[in-house]
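Quick heads-up: structures coming right below.
Across the two complexes that follow, chain A remains constant while its partner is chain B and subsequently chain C.
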Partner chain A sequence: MPPLLRIKNLVKTFEDNKVLNGIDIDVKKGETLGLFGSSGSGKTTVGRCIAGLERSDSGSIFFKGKDLQAMSRREKKKVRPQIQMIFQHPEISLNPRMKAFDSLVEPLKIHGWDDKCSLENKVEELINLVGLRREHLARYPAHLSGGEIQRVVLARILSINPEFIVADEPTSMLDVSVQAQVLRIMEKIQQEKGVSYLLISHDIDVLRKVCHRIVFLKNGRISGVENA
Partner chain B sequence: MSYLNVSSLCVDFLTENGSVKAVNDISFEMKKGETFGIIGESGSGKSVIGQAILRLLPSNAVVNGSISFGAEDLLSLDNKNMRQIRGREISLIPQNPAGSLNPLLKNKIQVAEVFEVMGVNKKEGIKSVLGMLKNLLMKEPARILENHPHELSGGMKQRFLAAMCLSYKPSLLIADEPTKGLDSFSKKGTLDLFRHMKGEHGNSILVITHDLDFALEICDRVAVMYAGQIVEVGPVTDILQIPSHPYTKALLNALPRNGLIPLHGHTPSRIDLPDGCLFYTRCNLRSDKCGTERPATKSIKGGVVRCHLY
Partner chain C sequence: MTGKIFRRKDMTISILLLALLVVVAISYPLLALSDPNAIDLTNKNLAPSAEHPLGTDYLGRDILNRLAAGTTTSLSIAAGVSAISLFVGVLIGCISGYYGGIIDETLSRIIDIFLSFPGIVFALAIMGFLGGGVINLILALSVVHWAKYARLMRGQVLSIKENEYVLSAKIIGAGDFHIMRKHLIPNSVATVIILATIDIGHVLLSIAALNFLGIGLPADIPEWGAMLSAGKEFMRTSPYQTIFPGMAITMVVIIFSIIGEGLRDIFDPNDTGGEYL
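Let's look at the complex of A and B:
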C-alpha cells in the first residue's frame, strides 16, 4: 500500500543556512511518525513545509500520490483541509478575541456548515471527543489552561476531518499530567478516525511511548530511524 | 534556623465572578543554601507564591499570612524597603526569558539599565556581568552583550538573565519554570547552570517547576502543590521515588516512562472550594471522609502530607 505522505529529497535554505539537506520520509495511513532532534535540527521546517507554510528549495512532498508543491491553487484548496497543524505554543494558537465556541464554529462555517442546530450538535460532538465540557465553550483563550487550549485546537482541526496532522511539540509547554491527557486523546482519535500524525518533539520518552516509528534529525539530515 | 519562612499564606484574586483562591494556607521554610522545589500542574498556584514573596502580585490580589526573610517580614515592609530587597537580596529568573528582554535593545543596554536603576556605576555593572557570563560557561560574553535578544537561543537568554540576576549577588534566587519548552540539550545546560549557582555561589534557590526530572536532579526538598494547597513536602528523593500522596503518585504515573497514564477529571473550582479534600473527585483511594472533611497536614518520614490515608 502506498504511503499517505511521502517526502522526497527535501531541501530548504534560509539565507545561507541549509536547514534541510535532502530529507526522505514516508508516513502510512493511521501511523504516528515521531520526528526527533534538538533545537535547530530542522524538525519544525519539515512540518511547516508539509502544512504549506514554507516552500522547499527543491524536493517533493507527495500526499496521496500528488505533489503538494506542484499543485495549482484550486487543487491546493481541496487538499489543504486534509492536512492540519498543531503548534507548540497554546497561548498563540487561538484568536484571543474569540470564545472557544466561535473558534470551533469558524472552520465549520468556512466549509459550508450553515444550519445553526446541527452546528451546535457538531460542536458538542467535537468537545466530547477531546474531553472538554460545555462550560469551556464560553471562555476566551486567556481563561483556558494550556492543555484546554490544545484540546480546543485539536477539536477545531478535527471539525474538518483531516487525514494528516502535523503536531509540532504539542505538549512541550504542558505539565506531565496534562501532557498525558492530550497525547492519550490524540491516540484515541487516531483509533476512531484513522488519522496519521507527524509528531515533532525533543522528548524521546514521549515519542517512544506514542509513536510507531521515530526519525532522528541532525543538522538537516536524517541520522537514524527507530521502530518504537 | 529557617532563612525564608512562609506561614499560612493565602492569596485570593478578586474577580467579577468571585474571589479566586489561588494559594490556600501554604506553609514551608527554606534553610540557607538549600534548593527547594515547588512542583505541581499548571494553575496550582506555584508561580503565585514566587510573586507573593517578591510582592509582585497585581492589585486585585489579597494576601494574608506571613513571609519572613531573615529578620524581615516581607509583607509588612514599606515599598522603599521592599525595593532594597527585590533584585538585591531576592532575585527572580522569570518563566519566559524571551518575554523578559526588550527585543529592540542590545543586551548591553538592558544590563546597563538594571545597574542605572540600582544607582550603581554602569561600566562596573557591565564588567561584573561580563565576568558572570564567563562564569556561567557562556562563550564569547563580549559578543553576547553586543547582540540583540533574538540572536540568542532560549538557553542563552536564560543564562543571560541569570547573569543579570546574579550580578547583584542575591542570597535567594527564585527560578520560575526554568526548563519550560527547552530541548534536552538546553535542559542539560540549565541543569549545569543551576548546579553551578548552587555549588560555586552557594545561593539558596526556590525552583518553581513542573519538570519532575529537573526537580529530582537539582532540589534538596520539594513541596507538591494541588489546587492552591501543598499536599506533600519532604526530601526530593522520598517524594519523587516513594510518594505518599495519591496526587503525587498520579503525577509520576503520567510520566512517559511510567506509562503515560492521564489524570482523569478536573481540578475543583477555586471560587467555590469543596468542603472535603480538594483531590477527592480524582483520587483512586478516596473514602467517604475525604468527601466531607478537608485533611490537615500530618508529619511523616521527615516531611508532611495532607491526606486522610495517613
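Let's look at the complex of A and C:
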C-alpha cells in the first residue's frame, strides 16, 4: 500500500543557511510519525513545507501519489484542506477578536456550509469529539486556557475532515496534565477518523508515548529512525 | 467597551461635547432659523450683546449663527476626509503588507512619494488644479492624508501576518480577501483608527489653513477657517470675528485629540482584561 504522504529529497535554504538537506520521509494512513530534533534542526520547516507555508528549493512532497508542489492552483485548492496544521503557541493560534464558535465554523463557512441548522449539528459533533463544552464557544481566546484553545484548534481543523495533520509541538506550551489530555484526544481522533499525524517535538518521551515511528533530524538531515 | 469609555472623565466630556456639535451640525440646516449669510451693514463689527451673543462680522452677519452653520460644513468635511483617507489607507496598507514582494515595493514607493510632499503645500497644489468647493476640498485633503494611514497599516499587517491564526486560515483554504477582511484588518486597524481620530483635528486645521489662504470654500459657505480668514483684517478693531471661530477650531481639535488618546488606551491589549472590542 503506497504511503499517504511521501517526502523525497527535500531541500530548503534560507539565505545561505541550508535548513533541510535531502529529507526522505513516508507516512502511512492512520500512522503517527514523530519528528524529533533540537532547535534549528529543520523539523518545523518540514512541517511548513508539507502544509504549504514554505516552498522547498528542490525535492517533492507527494500526497496520495500527487506532487503537492507541482499541482495547479485549482488542484491545490481541492487537495490542500486535506492537510492541516496545529501550531505551537495557543495564545496566537486563534484570532483574538473572534469567539471560539466563530473560529470553529470559519472553515465550514469557507467550504460552503451555509445552513445554520447543519452548522449547529456539526459544531455539536466537533465539540463532543474534542471534549469541549457549549459555554466555551461563547468565549474569546483570552478567556480560554491553553488546553482549551488547542481543543478548539483541533475541532476547527477536523471540521473539514483532513486526512493528514502536522502537529508542530502542539503540547510544548501546556502543562503536563493538559499535555496528556490533548494527546489522548489526538489519539481518539485518529482511532475514529483514521487521520495520520506528523508530530513534531523536541520531547522524546512524548514522541515515544504516542508515535508509531520516530524520525531523528540533525542539521537538516535524517540521522536515524526508531520504531516505537 | 462602553464602560471603559465612560470610566474616563475627559473622554466622557469630549464625547458629550462632540455629540452636542453633531446635533448642531445635523439640526442646523433642518431648522434653518435664519440665513447665516444675511448681510446687515448697519450692524457690522458689533461686540457681543444680547441680540448678537458673539457679535457680528464685517458684513453685519451674526457670528453665532455662522459658527453654528459652519459646524455642519467643518465637521462634514473633516468626517469625509477621514473616512476616505482611512478607507484608502487601510486598503492599500493591508494589500502592501500582506502580499509583500513587488506589490509591497511598488505601493511603498507610492506611499513614500505622497509622504514626501509637505501636506498643506500638496493640498494647495491640488486645490489650485481642481478649484474650490466642498467636494474638491475633501478630495484634496484625502489625497494628502491617506498615505500615513497606509504606512501605519502596512506596519501593523507585517507584524501580525505570520501569526498562527493567519497561517491557519491560509491552510484551511481561506482566500486572500477573507484573510484580510476577517483576520488582518480587525486585528490591526485599531491603531490606524486612533491616528485618524487624532488626525481629525489636523484635518480641521488644514481646512482652516486653506480657507485662511483663500483657496478653500466659496465665501457664501460658512466655515470656521473661512470665518477666521475673513476676520483677520479686523483683529484690532473687532477681535471677536477671529477669537470665536478660533476657539471653535481649538475646541474640536482638543476634543478629537482626547477621544483619540482615550481610544488608544481602550484598544491597548494589555488593558482589555480579556475583553476584546
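In this text, the second predicted complex is superposed on the first by the 228 of 228 C-alpha atoms of A that agree within 3 Å, B and C clash if a C-alpha of one lies under 4 Å from a C-alpha of the other, contacts with A are read in each partner's own complex, and residues count from 1 in each chain.
Definition applied: a contact is a pair of C-beta atoms (placed from the backbone, for glycine too) under 8 Å apart; a residue touches a chain by one contact, two chains touch by 3 or more.
From a predicted model like this one, the values you see are computed outputs, not experimental measurements.
Q: Given the touch rule stated above, what does A:E226 touch, chain B (first), chain C (second), both, or neither?
A: Once the two structures are laid over each other on A, A:E226 reaches no partner at all.
Q: Look at A:R97 in the shared chain and tell me whether it touches chain B only, chain C only, both, or neither; answer first, second, both or neither.
A: Second partner only, chain C.
Q: According to the stated criteria, A:A142 is in contact with first (chain B), second (chain C), both, or neither; which is it?
A: Once the two structures are laid over each other on A, A:A142 reaches chain C alone.
Q: Touch test for A:R208: chain B only (first), chain C only (second), both, or neither?
A: The first partner, chain B, only.
Q: Would you please give the residues of chain A that touch chain B in one complex and also touch chain C in the other complex?
A: Touching chain B in the first complex and chain C in the second, residues 88 of chain A appear in both lists.
Q: Which chain A residues qualify as touching chain C in the complex?
A: Of all residues in chain A, those touching chain C are 51-53, 77, 80-81, 83-85, 87-89, 92-98, 103, 106-107, 110-111, 140, 142-143, 153, 156-157, 160.
Q: Quick one: which bits of chain B touch chain A in the complex? Just the residue numbers, please.
A: By the definition above, chain B touches chain A via 40-43, 153-154, 180-181, 183-186, 210, 212, 250-251, 254-257, 260-263, 266.
Q: Taking the complex as given, what residues does chain C use to touch chain A?
A: Touching chain A: residues 163-165, 167-175, 178, 182-183, 186-187, 269, 272, 274-277 of chain C.
Q: Would you mind writing out the residues of chain A in touch with chain B in their complex?
A: For this pair, the touching residues of chain A are 38-40, 88, 133, 145-147, 169, 172-181, 183-184, 202-206, 208-210.
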